[in-house]
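Structures follow.
Shared between the two complexes below is chain A, which pairs with chain B and chain C, respectively.
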Partner chain A sequence: MPQSSEDSDALAERVVVLPKALHARPAGQLARLAGRHKETTIQLVAGEKKANARGVLAVMAMGAVAGTEVTVTVTGPDADAVADEAAGILTAAEG
Partner chain B sequence: MTSVAHRWAGQGVAPGAAVAGSWRADRPVPAGAVHIGPAEVEEAFAAVAADLDRVADRVRAQGREAAADIVAVGALIAADPDLVDSAKQAAGGDQPLPAVREAVESYATVLDLLPDDALRQRAADVRQVGRRVLERLAYPGGGRDAPADRFVLVAAELGPADLIEHLGGGLVGAVAVRGGANSHAAIVARSVGLPLVMGVDPEVLDLPDATDLLVDADAGAVVAEPSPAEVARTEVASAREVERRGRLAAERGLPHVTADDQPFGLYANVSSDVEVRLALDSGAIGSGLVRTELQFMEADRWPSEADHRRVLAPLLAEAAGRPVTVRLLDFANDKIPPFLTPPAGLPVLLANPSAVTAQVRAIVDLGRDVGLRIMVPMVSSPDQLAPVRAAVEAAAVSFGVPAPPVGAMVETIAAVREIEALCQVVDFVSIGSNDLTSEVLDLNRVDPRARTELAAHPRVLSLIGRVVEAAVAAGLPPLTVCGDAGSHPTTLPLLLGAGVRSVSVAVARIDETRWRLRRLDTEQCRALFTHALRLGGAGEVAELVDERIEVTMP
Partner chain C sequence: MTEGIGLVGIVLISHSSALAEGAAELVQQISGGATVVPAGGTEDGGLGTSTDKIEAAIEDADAGSGVVLIPDLGSAVLSARSVLADLAGETTARLVDAPFVEGAVAAAVAAGSGADLDAVIAAAEEARDAAKF
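Coming up: the complex of A and B.
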């Protein structure tokens, strides 16, 4: 994977409001996204609950319902693009 | 091998028959001295994840998207780094297998405790992954893969994923000790045409794998080591059935128009997210009837808003983007929970405004992503609509969404008598053919004589015709018939003849209903209907339909 030194320190944050509960499908899409970007860490925070997006169980165990505000913090290569993609998964109306 | 000739009775919950070697899905894993450590555990999880990914790909290649998604979640769980780490740590002790089992169980329990029904169901997926990992560890040499050849699945209890993962593989039938016709596994089995017998004696679990096992769901029987004659008979019948279903399913995706190019609507009656998934896979447009009372048959009080949300959330999430008609609680006839006394029904629901509000709020809030309509069951008078509409409007205001259409299920003679007035106060009507037929012919719904084809009785037909005319005259959208008449060979042409252009049927009937509708001619059905109204009884009408309508089935 191409990687430059300024990229690996990159940090991006997105705050989204879930249009629907964070069920298996979006949790799975997030885990796959994290799997494609192994050098990049995707952290989710909802209230007092936190999860690393690479773990589908931890994400589901947040029990985040529709209307929950979720902060996505991404560090590492391609942080901005990965953060956009993660936010897109969390706010998709379908799936 | 010693002869184990045995015959057990059970409940056939998905029709058909099949014979093949048995394979126990949930053979207990020996807890004994298996020598394993963290490396073997990690390897086992990776292998299970790869297995499930392969199954998901195969199921997807067969066009079963929803089923593939269910299995793919299992693969992601098996690859979950937290779960794998915790199991690896557990494997360091003296009793690695029980320790790994406990580690998995603790993850399942976390999900079990969440206040969200869809997430709680994932706990079963975690346990299933754990079971596969343990089997792989306990049986060196690759775990217990299902036979590559044809087999009959045997288990104490079956989940829907147990069946889905073997679809398209060698699975030809299944047997379970626990469970009944309403279980998710039974729903899946019916929709994919897999013979399934439940409620069989636990003795069946003791059969060694690869015992010849005949599953005859039509007769409610399971036979170990059947005679060659029985085997031959079953194999012919089951090959024919597999081919028939394949040809019916091949028309998924073809235009929903009749032989004379009239568009029709094809919807499914559902009560769970699994049924929604299967219905959409089968090509239904959406649901014309979401039954909401079935989850509350043992309730000791009116369900709260939270109760309704728990039941509806997964179902409505699955139906996102589709038209969905949710029916309010229909506690009547054979569906009365312990806290109510017969005849219950709509008057009792309306006498409890907070019960109406609780359900309507859950539906309106969770139904934002679907093409939502709310339907009132067993309406007997137009004035019963006002309180429901008021509750719907209040809920819409409080959630800041537009108020969904509110309609009536016409399934009583009283409603038909006042149909013109009723059409003035609703946004749509649907017809419940089962209850209407029972009332017109004075039969109890659970009466074995209350058969679907009786909806062909001229007295029932004339009422249906009257409802269709009134709905058209009032400018309402095309009405839907929700009931078994919508999928029956005798009654379907008559409904079309009465002017019905939309039906909502059981998930297992979607393919054959589409097949029939695409071959019926509405003009011919119209003439048939007019003629049928002049006949004396359901039997005579059935003969007329037989004579005039010919739809060749595969």
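Coming up: the complex of A and C.
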């Protein structure tokens, strides 16, 4: 389904495998991404654990280690671009 | 971004200068550029808190949008309150009841993304209920 960046109901999903544990730095980057897109919700799911990317402490508390499959669900304006950026943060070799 | 001049600043008040400085360094990196100023130890570098250091840190952290003070333990609260009483009416600094590390991280991430003073305080206070794992 094509989505316009204006569409507040837009939804995008990315599934990534973490190359390394989800530490403080990427958690901070995700929270800042969420902070820049206030109308957009970034939800992370890893197994039983869930967190809204806005909550840096909740993301760190997921305790996601290298090899964990994380599903990123983004809803709201610019969902596709935000999902790409979130997936990029999660799969970056640095951090 | 907020309508303020700059980001909300954060002052970390600890009995130990090493603890305040280390926490500020960590939090600054996670938040990617929030203003986090340590105010740790006494004037002569011993363990304790210094009202002069706290007051100077508030000044350093203030970019026009307010300052959040996060104390490590109870008596840092007393020093911070005494500074706030001295500055009465001349500062937007607010003392928050939050865990030192988690509260600082949550506050700095919020401040770094342009949240206003109330939102930064709320983020710090919410950290009290955040499970570590």
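Methods note: the second predicted complex is superposed on the first by the 89 of 95 C-alpha atoms of A that agree within 3 Å, B and C clash if a C-alpha of one lies under 4 Å from a C-alpha of the other, contacts with A are read in each partner's own complex, and residues count from 1 in each chain.
One rule holds in what follows: a contact is a pair of C-beta atoms (placed from the backbone, for glycine too) under 8 Å apart; a residue touches a chain by one contact, two chains touch by 3 or more.
Bear in mind the structure is a predicted one, so any value in this text is a computation, not a measurement.
By the touch criterion stated above, A:L11 is placed in contact with neither chain B nor chain C. In the superposition on chain A, A:G55 contacts both chain B and chain C. Contacts of A:R25 after superposition: both chain B and chain C are touched.
By the document's definition of touching, of the two partners only chain C reaches A:R36; chain B does not. Put simply, chain A uses residues 24-25, 27-28, 31-32, 35, 55-58, 61, 63 to touch chain B in one complex and chain C in the other. Remark: chain C residues 26, 29-32, 102, 105-106, 109-110, 112-115, 126-127, 130-133 touch chain A in the complex.
The touching residues of chain A, when paired with chain B in their complex, are 19-21, 23-25, 27-28, 31-32, 35, 54-58, 60-61, 63, 65, 93-95. Those residues of chain A that touch chain C in the complex are listed here as 24-25, 27-29, 31-32, 34-36, 55-58, 61, 63. The touching residues of chain B, when paired with chain A in their complex, are 69, 72-73, 76-77, 79-83, 107, 110-111, 114-116, 118-119, 122, 125-126, 313-314, 317, 320-321, 369.
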